[in-house]
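Read through the structure below, which is laid out as structure tokens, and then see the notes.
Chain naming follows the written order as A, B and C, and within any one chain the residues start at number 1.
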Amino acid sequence: MSQVETGKTLLEAKALSRHFIVKGDGGFFSKRKSIAAVEGADVALRAGKILAVVGESGSGKSVLARLLSRIVSPTSGELVLNGETVDLKTQRDLAYASQVQLVLQDPFAAMNPVRRVGHSLERPLSIHGVPEDEISARAHEILESVSLTPPQQFLDRYPHELSGGQLQRINIARALAVKPKVLLADEPISMLDVSVRLGILNLLRSLCDDKNLAIMYITHDIASARYIADEVVVMYAGQIVERSNDTSLINSPQHPYTQLLIASVPDPTNLGAEVVKAPSGGAAAFNLNGCRFSPRCSQALAMCATNEPPMVEVAPGQHAKCWLHASDAQRASVTISNKSKNEMESKNV
Amino acid sequence: MTDKTILEVQNFDVDYGYGDAAVRAVSDVSFTLGASKVLGVAGESGSGKSPLVYGLTRLLREPGVIVGGEVKFHLDGEGEFDILSASEEEIRKIRWSHISIVLQSALSALNPLRRIGREFDEVLRVHDANLSKEQRRERSEELLALVGLRPDRLRRFPHELSGGQRQRIMIAMALALRPELVIMDEPTTALDVVTQREIVSELAELRRQLGFAMIFITHDLSLLVELADDIMVMYAGQIVERAPAKELHDAPRHPYTLGLMNSFPPLHGERTELEGIPGSPPDLKALPTGCPFSPRCAFAMDKCRQERPPLVLEAGTEHSVACWLHDSSYQGAVPVELSKRLAKNSGGAQ
Amino acid sequence: MKHLQLPKSLKVRIGLAGLGMFILLTIIGPWIAPYDPNYTGFAQNASPSWNHLLGTTIQGQDVLSQLLIGCRSTMVVSFIAGFLATIISIVIGVASGYVGGKADEGLSVLSNVFLAIPGLPLLIVLNSYLPAGQQTNPLVIGSVIALTGWAWGARVLRAQTLSLRDRDFVEAARIIGEKRVRIMFGEIGPNLLPILTSSLLFTILYAVGVYTTLAFLGLTNVSTWNWGTMLYWAQSNNAGLAGEWWWVGPPGIMIALIGTSLALINFGIDEFINPRLRAGGVSAKLRRASGAPRRPRLGLTPVLHKSTEAGSR
């Protein structure tokens, strides 16, 4: 199989959005609201590189993974696979599945509990056209590539007979069975014991390097993102709020949310540091008009509540979606348009 | 706060199952807890941290059974309380008023069909029949204010609140009767990092105000280093190391503790490849002879595979380890990584 | 299934033994029946004796022979009805649960209609439309009974499928590219086995009851022998009033026995099918032996000291 050159963009999302219609919380007769689970996401997955998507629950990171794997269809935006725009009106087909795969968070839930591991591993091989007589050999090969030996021992077992770490390796193996170019991993280690997490991260890193895969690693744990990622993206309330071409945003975060995130991580080497306090959030505190983080932001400006900030370059290769870093010209244009909007509104009164 | 001991545990054993089918979940655990101190209990699957703490309070579910040891509480106004031989009535008296517990998932602990106010009302009513309804409501509002929530939260249902708010309510309920000991079972594991930070700092503030002792169970060792006075590391049902938090972090003695700390990738500093700990968490049904950690230990010797090391307190310190490398019988040199008084920023998790 | 083991529970073993006996009788019944059930030459109304273990009817027929031959007919029809009904309920229940949308709505309406229609009257009506020749055909009668008995199982399977559909392993199957039908029957299906088997067992029981009732009412061909027909003849000859317990009793007892066997098997089905539960739960025997209370109370974990006797107060 010919290797793709390192760094080539394999899967790209352009302004990807996914809205859900939900009932408002005023009871039975309340109006339906549209909630943007993901909005305007631009990500590029490159061969041989790991992109980390960092965010908390509700940030939209898992929905983004499902959008990229086409398990969920977007309400707007574009997907480009291998340079060709994907036709989003048709159903996801086998060809796409053989290129883009997804590994889920809970290793036990992701395997059919009443079938043996061998079955779950052989199905993808069979679906994607591996000849009947080669299936067993290929299954053994894949298990060896995720360091599970002797392979037959694992194939014969039921999921509940194995540990979380072993099962997650099998899940990764299953995703790799179809030889995809892109691997999306949705919080692959959060449900595992601490001592086995690094093993899985090291495995992902070596698979990425050996097979020149493009990997998207989704997590809420920014320290693990720093450990394996080449590029980092931070999400909040469905939007990407900061990104960098390397891990520099972790050392020098520019967006107030990223700063809050990093300051909140327990850091044993820095005991007694000033505790950052942000007003208690909760899902209801998103501001949908301006910057979504503004209700919790200690550095918010007046315009943050009413105008959505642009993505601004804050350092070479690092961008943040924040008015604090916008140029004077950008801010000025907004102030002007705000003023004229206010004038128009007062005239209509 | 005095130097009083409020909990003494001796040779505590807990099994899952009975007779020949029994599996030892907690094995020969002994420790003490001082008043107003925070004890962190760290461990992974099969470590025994949950059966230990639930067993101590007789809250362990079927098929858990306590099969040995002594557990004595020293509570205000109650003197010495031997929970293993106490009657149900006696236990009920001290439960919640002296010892309370915060569970991992508030969503499953709170009745989804009841408003929060009703839950508080219930707790207060059961324990003090003298309070009037008005007084109970006032007290509930006080408790909510204690954890930084507005009084109107009393009218909400659990699903209408965020995870962080629910957990704060659990904490408020646990503190309702001003207990001396609060047990927390992974209270922040299901929460995001920012909320976790808020709750942890609120807990510190509450402890300053109310002076209760805490047993905090978690797998997140880095959180304990900040939060706890002492940390107890458990593996396969046994205590493998116990030390003051900072000391444990700076100079771990047990290979498992070292491995565990090295499993947390650092947020700052050099990016190097880390190992974690090879192998899988122990299978309690089939523990190896000798030290249960020996199959995964980089420093294991023959003795480790034959005999289980006892937990030994190092003279003149508050540091105990269960490891043959630190036993007086060991003649060789202790590996650099596990030596005393390491200079900061070398080895370990930096 | 590679590792088939006999279930540990005593209840299930008894149930399986009972079922096994009935299946045996179904096969060899006609051979071991001592006499021709139609032969009317014996002493009439004789109570049980060595020659006639279950006595004779008012027309001088041997009851035991009727019982043994009747077993085959009853069992065959009931099993056919049970299996057919279960197949219909799988197809409709799983499809509507997994596919959802309009198809689900339509199939649900269909199930609800069949559920609401009273079974027996419908059966009577359907039966009366059967051409006379077909009325003795077990396949035909079985199908007719199946038509009235599938709806409950379909609803149960639909509910179960709905809950399984959202599980991670189903999503994982979709992600690797598995087709819908294969997911329904290859992934979700095996997880439905416990409830399916339960449904099958009870549908068979339902069929036994319904078929016997139809026969008892004289609506099936009264010249084929089954337990219901026996009761029909007994009833029309006032056997109960005359105290001929050997004629009235046995068919009823047989029905009760087959019902009990099926119910007992149902207890252990979960354990047998779900590999995770095969390891076995807490053995009550071991618990008793160790001295712990029979039902440990929540909030009062038993304390058993090896040196002392029984547990907590």
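We take it that contacts are C-beta pairs under 8 Å (C-beta built on N, C-alpha and C of every residue); 3 or more make two chains touch, one makes a residue touch a chain.
Only a predicted model underlies this, so the values are computations on that prediction, with no experimental measurement involved.
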### Query
Which of the chain pairs holds the record for C-beta pairs in contact?
A-B
### Message
As a test of understanding: of all chains, whose mean C-alpha position lies farthest from that of subunit A?
### Response
C
### Query
What whole-Å value do you get for the distance between subunit A and subunit B if each is reduced to the mean of its CA atoms?
33
### Query
Using mean CA coordinates as chain centres, what's the subunit A-subunit C distance in Å?
51
### Task
Within their complex, state which residues of subunit C touch subunit B.
282-283, 286-287, 289-290, 292, 296-306, 311, 313
### Task
Give every residue of subunit B touching subunit C within the complex, in rising order.
17-21, 54-55, 58-68, 84-85, 87-88, 91-92, 95
### Of subunit C, residues touching subunit A in the complex
167-169, 171-179, 186-187, 190-191, 193, 273-276
### Task
Sort out for me which residues of subunit A touch subunit C in the complex.
69, 71, 94, 97-98, 101-102, 104-106, 109-115, 120, 123-124, 127-128, 158, 160, 171, 174-175, 177-178
### Query
So in the complex, which bits of subunit A are touching subunit B?
56-57, 163-166, 193-199, 201-202, 220-224, 226-227, 247, 250-251, 260-269, 271, 275-278, 280-284
